[in-house]
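Take a look at the following structure, please.
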Amino acid sequence: MSSRRIEAFSDGVFAIAITLLVLELAVPSREEAAEGGLGRALAHEWPAYFAYLVSFMVIGIIWVNHHAMFDKVRLVDRPVLFANLALLLTVSLIPFPTRLLSEYLTAGADSHVAAAVYSATMLAMGLAYAALWLTLTRDVRLLQDDIDPRSSRSALRRFGIGNVFYLATIGLSFLNASVTLAVHAALALYYCFDQLPTIGLRPESRTPPKSAADRPA
Amino acid sequence: MSSRRIEAFSDGVFAIAITLLVLELAVPSREEAAEGGLGRALAHEWPAYFAYLVSFMVIGIIWVNHHAMFDKVRLVDRPVLFANLALLLTVSLIPFPTRLLSEYLTAGADSHVAAAVYSATMLAMGLAYAALWLTLTRDVRLLQDDIDPRSSRSALRRFGIGNVFYLATIGLSFLNASVTLAVHAALALYYCFDQLPTIGLRPESRTPPKSAADRPA
Amino acid sequence: MSSRRIEAFSDGVFAIAITLLVLELAVPSREEAAEGGLGRALAHEWPAYFAYLVSFMVIGIIWVNHHAMFDKVRLVDRPVLFANLALLLTVSLIPFPTRLLSEYLTAGADSHVAAAVYSATMLAMGLAYAALWLTLTRDVRLLQDDIDPRSSRSALRRFGIGNVFYLATIGLSFLNASVTLAVHAALALYYCFDQLPTIGLRPESRTPPKSAADRPA
Amino acid sequence: MSSRRIEAFSDGVFAIAITLLVLELAVPSREEAAEGGLGRALAHEWPAYFAYLVSFMVIGIIWVNHHAMFDKVRLVDRPVLFANLALLLTVSLIPFPTRLLSEYLTAGADSHVAAAVYSATMLAMGLAYAALWLTLTRDVRLLQDDIDPRSSRSALRRFGIGNVFYLATIGLSFLNASVTLAVHAALALYYCFDQLPTIGLRPESRTPPKSAADRPA
């Protein structure tokens, strides 16, 4: 099967999950606004904005990397469909721990539980992403002609390091929930600059390094 | 008409229904978390996670099979559009019985009613799927050249066995709601490995069995 | 501009509006279920199921007709984009009067107000649909080669009759809300069998009537 | 990378954000309807309808302009993906200030805060749009052959004037929230007729002005 429809379906799930995040931002009630004004009531909700922003970045960057991954794919088979579903399960779940963290980021002991659930979801997502890549590279016929599965797998190894960090954030959750969320923002930025798109090419087809104009300023 | 836009619309409905499921996962209120901590309050919601997971699997697998079905389709006409709408009606309904079962899975006598509503929705979905396949195979011009409608229909017969199981789960609902939900998970796994993609081909175009590399490990 | 992306965006809005309807179906609270059981509490919500079903049919059928309309379109310009946005505005609004009618269908005098709001939304949708068709047929270059704008417009006239009925349902709302909703279901069925797809062709390209195999059984 | 999938993902986010707006329209409770009837209770919610309509127009018009922008694009690179994500962040946020303004448009001093948050979101969106255009025109290889980046940038300058107006609406918010919302409606209408689609072409490929039939009546 061609990868067109799996991409369309995945784009749909990514787009919905990223847009549903806005439903987690609560409008303060009239009672909350009455004491101190709406401005202060809104400012009081900063954990929700922080969690919203980090989760938006995370889903956005998974989408970009998913996009880059499927650019290398020629065909998909059933195991790929199911590995992709497993990744979408973790992505579509993200609004739940986001809401949890919005509500409990400043809630003392419970903030640790909320941050750990958030971190565990990220770890599950990172593992599902790695599993999808393994499923795709297990059969060279699924890939575009110019991809070398062996170097792709070594690329994965470097890429998979993120999962060790995700695992570490579960531990960090029990020290400080806000710092944990900030680390997730940093990990998202790290993945912005990952090198997946330029590695994994067969030596002979490796294109020369792109000009400076192609890089972020 | 070509099947491109019907696939895009269906993908949209599948993607939204599968992603809306996450809205059913409720964040425990501060009051609920106060007694015993957030961890225990979250653990207390296991029926919601169980129902979420099963419904995600069900919608995901219907999507995979819908995808495989439309790979065999060349053209669609109005009856196909309406048969497809009937299937989408049942799919888009799934978040409702899922929420019902999340709320009532451990609620004694009411758990049976909730499980029966869930099972009836699955039965309606299975019947709508079979009706769509019948509508597609009633006219050979709608199918790709290499599909044999006669063997496709016998394939449907084997495929339709699932509906007998769905019917049985309605009865089972009145014995035990949790077991019923587990059976739905098992049925979803059964459909993961269904043979629709390889049957229904005309004898001369039947491709040789795929190599082990194509199968899930 | 080609019509590809306007179709993709419209498909998205249709798919989301039709799937959001399920959020209107409320799970009875434990208190409601306590008196008489969950079965009775669910049965008590029949107006919500009725309104859900009719609105699903309405959106589904507008989508089918939108699909058939854009099959005749070759290019779109800015006025078409905005006429299409006006139609999408009315479509994406439908979940609101549906929720209103679910809540107030059996509420005496208020049921008339709710039904009138529902009917007015349908009228706005019908008018927006006609306006979009007028915008598309005002310039022959926007249409596929084999479409005759003159006969297309006479087709619209016949098609536009539905709007007179929608207007009448506003009056009917003040007599009986349930009957009004049933009439909307009947109008949706009427549009299922509308003849837009086969009219509007230039005489020389008019295809012979399709075989019985193409019609619903 | 080709721009196909970035357009599909963006269309998804636009379609979902524009359709989620309807969830902000609240059905009056039975208690609210009891005093004065449902009609009056609905009329009382006019700020929600007003905010809904303006936000729908805004998102619809950004979509049209996004569509026109990507019609000029041949390839996208990573910086474009991230600039586009920043725009989608602001677009997917719009339902939140819309809900805020629906609730607080007539709330005295708090109405100013709500209008300022709404205006600030629009300013962020306008800046993100300009940044995306700058990112696209920084490398001529990303654009279709007939686009002249230099004149495109001067076009942007004229286009960017809207951001000055958005900045001014933040100030206006502290005078009158309803007038501010009306100005946003006017700005949306201004962007309806913006000239981006016809500017930016290289002199030799500039097409002659379109016939009257192409303009809105």
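Letters A, B, C and D mark the chains as written, and numbering starts fresh at 1 in each.
Definition applied: a contact is a pair of C-beta atoms (placed from the backbone, for glycine too) under 8 Å apart; a residue touches a chain by one contact, two chains touch by 3 or more.
Every value quoted in this text rests on a predicted model; they were computed, and no experiment measured them.
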Centroid-based (C-alpha) most distant chain relative to chain D: B
Homomeric contact chain A-chain B: same or different residue positions, threshold half: different
Rotation, 0 to 180 degrees and nearest 5, that superposes chain C on copy chain D via CA atoms: 90
Distance from the mean Cα position of chain D to that of chain A, given in whole angstrom: 26
Gap in Å, rounded to a whole number, between the CA centres of chain D and chain B: 37
Shared interface positions of chain B, touching two or more other chains: 8, 12, 15-16, 20, 23
In the complex with chain C, residue positions of chain B that touch it: 1, 5-6, 8-9, 12-13, 15-17, 20, 23, 77-79, 81-82, 85, 88-89, 92-93, 95-96, 99-100, 103-104, 107, 109-110, 113-114, 117, 138-139
Residues of chain D defined as touching chain C within the complex: 7-8, 11-12, 14-16, 18-23, 25, 27, 30, 33, 37-39, 42, 53, 56, 60, 63-64, 67-68, 71, 192, 197, 210, 213-217
